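The structure is given below, and queries will be raised subsequently.
Letters A, B, C and D mark the chains in the order given here, with residues in each chain numbered from 1 onward.
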Amino acid sequence: MDLEPTDDQNTLRDELRRFVSARVDHDARWAAAAQPGAVDRDLWRELGSMGVFGLLVAEDAGGVGLGWAEAAIVFEELGRAAVPGPTIATALAATIDGLGLDGIVDGTAVVGLVEAADPLFVEHLDGLDALLVLDGGSVTLADPPTGTTPVEHPLDPLTPLTMLGAIPTGRAVEGDDLAHQLRAGSALLGAAFQVGLGAAALELGTDYAKDREQFGRVIGSFQAVKHILADAAVGLEVARAAVHAAAVARDERAEGHRIATARIVASRAAHTATEACIQVHGGMGYTWELDAHLFLKRVLVLDQGPAPVHAAVGAVAASL
Amino acid sequence: MDLEPTDDQNTLRDELRRFVSARVDHDARWAAAAQPGAVDRDLWRELGSMGVFGLLVAEDAGGVGLGWAEAAIVFEELGRAAVPGPTIATALAATIDGLGLDGIVDGTAVVGLVEAADPLFVEHLDGLDALLVLDGGSVTLADPPTGTTPVEHPLDPLTPLTMLGAIPTGRAVEGDDLAHQLRAGSALLGAAFQVGLGAAALELGTDYAKDREQFGRVIGSFQAVKHILADAAVGLEVARAAVHAAAVARDERAEGHRIATARIVASRAAHTATEACIQVHGGMGYTWELDAHLFLKRVLVLDQGPAPVHAAVGAVAASL
Amino acid sequence: MKLALTDQEVAFRDELRAWLAETLPTVPPEPPHDDDWQAKRAYDTGWQRRLYEAGYAGIAWPKEYGGRGASPTEELIFLEETEKAGAPYVGCNFVGTLHAGPTIGAEATPEQKAKYLPGVLKGDNVWCQGFSEPGAGSDLASLRTKAVLDGDHYVVTGQKIWTSHAQIADYCELLVRTDPDAPKHRGITWMVMPMDTPGIDIRPMKTLAGTSDFSEMFLDEVRIPVENRVGDENDGWRVAMVTFSFERGTAFVSELLGSFRLVADLAEVARKTGAWDDDHVRRELAIIAAELEAQWALTKRNVSRAARFGTAGVGGSVFKLAYHDTKVRLGDLSMEVLGRAGLALDDPAGLSAVDHVERRLYTLSLSIAAGTAQIQKNIVGERMLGLPRER
Amino acid sequence: MKLALTDQEVAFRDELRAWLAETLPTVPPEPPHDDDWQAKRAYDTGWQRRLYEAGYAGIAWPKEYGGRGASPTEELIFLEETEKAGAPYVGCNFVGTLHAGPTIGAEATPEQKAKYLPGVLKGDNVWCQGFSEPGAGSDLASLRTKAVLDGDHYVVTGQKIWTSHAQIADYCELLVRTDPDAPKHRGITWMVMPMDTPGIDIRPMKTLAGTSDFSEMFLDEVRIPVENRVGDENDGWRVAMVTFSFERGTAFVSELLGSFRLVADLAEVARKTGAWDDDHVRRELAIIAAELEAQWALTKRNVSRAARFGTAGVGGSVFKLAYHDTKVRLGDLSMEVLGRAGLALDDPAGLSAVDHVERRLYTLSLSIAAGTAQIQKNIVGERMLGLPRER
């Protein structure tokens, strides 16, 4: 038993953090928000060459051949930069044997994933090459419908939405318990991404608290501010451990309810941390320019993603 | 419209506070806890002569002829001292026309009230002259069963409990919608009592925070401590206003859902304040000798009293 | 204690109701929720003019300044009745009627009163507030915008932030530092800045909700006549704070009544989505409804205190803290009830998602609008409980 | 990262399981939950003796002091397996095996080690802790019990509080002030006080849960030989803190595993009372279960850090804050599920109310046992986030 990342895993995390923080900084996020229909294809190929989409694909199938533990580490880093686009969906699509779609691993294809639900909001529709649809136990691969209009005001400026009137038809995709596997993967990577969003917000808030003065003192020295940030840090530490444990358990085929657990605590921790960031910033936290709200809004989007948080709560309750 | 107490109401409050704080102090509470079966008959008569049981009874029927507003004020003061015994039940019994039981108003009779539920815990059974039983829409007046044994370890040392195997039979008591009226009265006075318990705990905690030094400073100057107490104060102020509004509305026959509202917020505020008191006291808060836990435990008892808090939540939900 | 209105209060309410019933159908439709500030100004000031003509302008102002001189309870009735009838909000008349106007009434010279107050009451003039600065948030008194006397003018340079309605305001109530060497509360002066003075650069600020309710104001050698100063030089902190002593506990009435509507609507939405079948949703919504109802009782308590003692005292801080907490939970519950429908501010699913999601985002601002929660808690801890100050 | 045990860890676990399966049936029944301290001592030390004979005593102690020298993971396995098998708790051996013993191992002379350590391992001696004082709670270093040198003895006078097992202890690890003029952390000395020394008056303290888990200790000119001092005079603060650097993240394992059982049991109770049909109860219990599971993952993370770096670092504070919050909510939920059955610590209704109500009351003590939450938050804010200290 050893739940501390290995040297290789730490190196992977550091590499991703370096790449992502340079490539998807504040300006890049706002550039993406200004072009809501598009997915940044250059970024996608770069993520592909970093191994983001091939992580879970065997080496002899062209992938990196790593496991869910590494995927959790990588997607936390993507979350730290609020990387736009359907990264989770694309990485999951890459794991489906015989999907019959080229270019996923190297980042030339962008694949979306949607749960058939009401309202049927598809994320990043105009930037997709293909759309996986989860409907109960079935999985289909559809061409993204054309001629649709995105909703004008998506909650998250980095997550454009298109409402479809009907579930798009497509080709059934087979695979052992595939719908369940996709939901589990989506829940796990979504939790990792949320931990990253929370960690970025905590860092932003902590830096501000160390710098900003009011009443002649750095505000981070006030207990009220310090404890808000400490609560956020506690939540994230626990959530990160839970995400890592769930990922490792998935690799070891002993996941039990650990993914649902991770999903629940990661969501709560990410909410606490992103709101703490906004609160600590006072008035500045309410401005559009500060990235804090991007982190919070993406947390809200991920809560409702495939295998939403409330389903995880239901799954744990059913196990009691 | 004027929701500020009148001079008369302030005088009534001050009188009660003077009497109760002198009569039911720390030592008196612990003396009562040491004699769990008994109700202090001297105290009961004194409360009677203060008008506590005749408050809501018309003057021509021997009562004080005041209203629910005054009752709310009085029962908050009883709560401040955690006065032991079925004060609420006795005061409500006094309001029932034709109950056929003498000596309630003057404090020579002690009347209990229980909701037929499982487990059937009757409070103060061994000290009762009569027991009102609420069972759905019916109200009966029963002689307290004898030959029973109190439970050995009641949660609240000031609220002895006896578990009955069956609902005691008695004489049906008639009255317009009487069961509903008793539940409403019990909810309202229970809420007032809880506000008093919370206020006493807040005072105890605040006094300690002003006095106790740690790290070379009075602990009440630490934001963390100050804000715990401030949260408690906020909850109680709001709850007190809600209790007063509900009481006045009952006097004006316009209560709507105000009693349920008061019940919900008073319970929450009392929990916050009593736990804040314990928390601020640090280790001392965990000792038996400090009255803080008596306040908290009585809050827990009142939560489950006739017209319990969860029923109030249900009533408000049903109105939405 | 009583909740029932007196005969006089009933008469006031009935007269108001009759007037609203007659007048509201003739009010033009509210301009759409976008950034056409002139249209908003015309709408808001048009309503102010109607209020003026009917004798409801400056409802809480003393009669000697042209106000109605209504009691706190009458003001509460006014706010409740106008809100429930769907009358326009105070909008861009906010600073003029509720802060700058009362300050001038209390502290200015007769000439200044005559010059500024009628324009506020009649809806002729719109005011904005230049208090906050980027470096002076909750610690407002540390403001650094400086004013240097030059003949019969102050020359003002600095930056203000969180200014509402700056684009359409005629005047700004401005706090400036006139003595940089004095203790921070003692070197501040209050003055009236006409918004057409050269040197004022207004830049709209976008909030995280995507709206532009506020502006930054950059002041570059703005020349303000000395006669525009209200109160003594360096006495501006006291002048600015004097309106707080008029606080009657009515500041959040429209907000609170709006939240009651939001709760009722969320119950409707939950019935449509099926979330109503979840005990957790029903229970949490009931608790929120109870809290709002209790805060309404507290509002009446505060108003009653103001009627009795002239001010609601620390009751305003108590209200804000309680209300903030409830609103945050209502916002979270909204998102839970809406599910994926809450991911857009548009409302393709027909669930009034836009209202709820916007309010959810708006809750993030409550700590700004009302002073941060931490400071409110200090106020309650120190003024109400008598706990010692930190330093 | 891996959760799976290594072959060596599996071997350790299997051997332990086999031993537990063989040994536990022969352990006498636990004495009833009352205040017969001698019976408790016999039970607890009897188990310690069994552990000693089987080579499990001092599981985390270095081998050179007679311990097992197990890795943090092995210690975790030991705690998990013994807890799940229903083995006795550490009980009155707590201070000896987990604090005083390791301190002596790290800081004492060879003679002192030889004198004190075997008695701890074999269960011959019970230790208690004399650190806290009425005036020194979270600010422990402000303790005032004074020790004055008189020949080859220290003469100790003062008052200690929150001492567990004082009635049945043979020795007390005692902190005293030997230099009243030095800065508070620099005038403290650590010493061993034999509990049969004249001048020690022990008075049981009753907790709000109605039990007497702690005592006050009044010390009146208690003469302690100088040779009982561990470490230098006035260096006792460092000596007392040295065990914290051994913290391997395992301190709350039994607690946490007990809470898992409590959750499972509460689900059972809820099914009996019908509360299980309430979505709110199910949902809240699921969230609590998820949080505990996550805290179990954190425990493994902390243990892994201790294995890698020698200490779990700030992870212990993180665990305590997270766990405290969850336990409080579990306690509240218990009361909700139990309803009126929760109003007695007896259990006439057969709903294991006593466990749940006692734990509910126990949550009120968490902030004492683990240092107050405020201080833990300061530790996280300052050590983990690098925020500045308050003063």
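Please note the rule applied: a contact is a pair of C-beta atoms (placed from the backbone, for glycine too) under 8 Å apart; a residue touches a chain by one contact, two chains touch by 3 or more.
Treat the numbers as computed from the prediction; the structure is a model and nothing was measured.
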Taking each chain's C-alpha mean as its centre, the one farthest from chain C: D
Between chain C and chain D, centroid-to-centroid distance (C-alpha), Å: 53
Approximate Å spacing (C-alpha centroids) for the pair chain B, chain D: 38
Touching two or more other chains - residue numbers and ranges from chain D: 283, 374, 377
Contacts with 2+ other chains: residues of chain A: 222-225, 227
Overall pattern in which the protein chains touch one another (line/ring/star/complete/other): complete
Complex contact set, residues of chain D against chain A: 1-6, 9, 73, 76, 263-264, 267, 282-283, 285-287, 289-291, 293-298, 300-301, 303-305, 307-308, 315, 318, 321-322, 374, 377-378, 380-382, 384-390
Parts of chain C lying in touch with chain A, wherever the complex brings them together: 132, 137-139, 142, 161-162, 205-208, 210, 335-336, 339-346, 348-349, 354, 357, 361, 364-365, 367-368, 372-374, 377
Residue numbers on chain B that touch chain D, as the complex places them: 117-119, 121, 151-156, 159, 161, 163, 214-215, 222, 224-225, 275, 278-279, 282-290, 292-293, 296, 300-301, 303-304, 308, 310
For the chain B and chain C complex, residues of the former touching the latter: 1-6, 9, 69, 202, 206, 209-210, 218, 220-223, 225-227, 229-231, 233-235, 237-239, 241-242, 244-249, 252, 254, 257-258, 260-262, 264-265, 268, 312-314, 316-317, 319-320
Chain C-touching residues of chain D, taken from the complex the two chains share: 278-280, 283-284
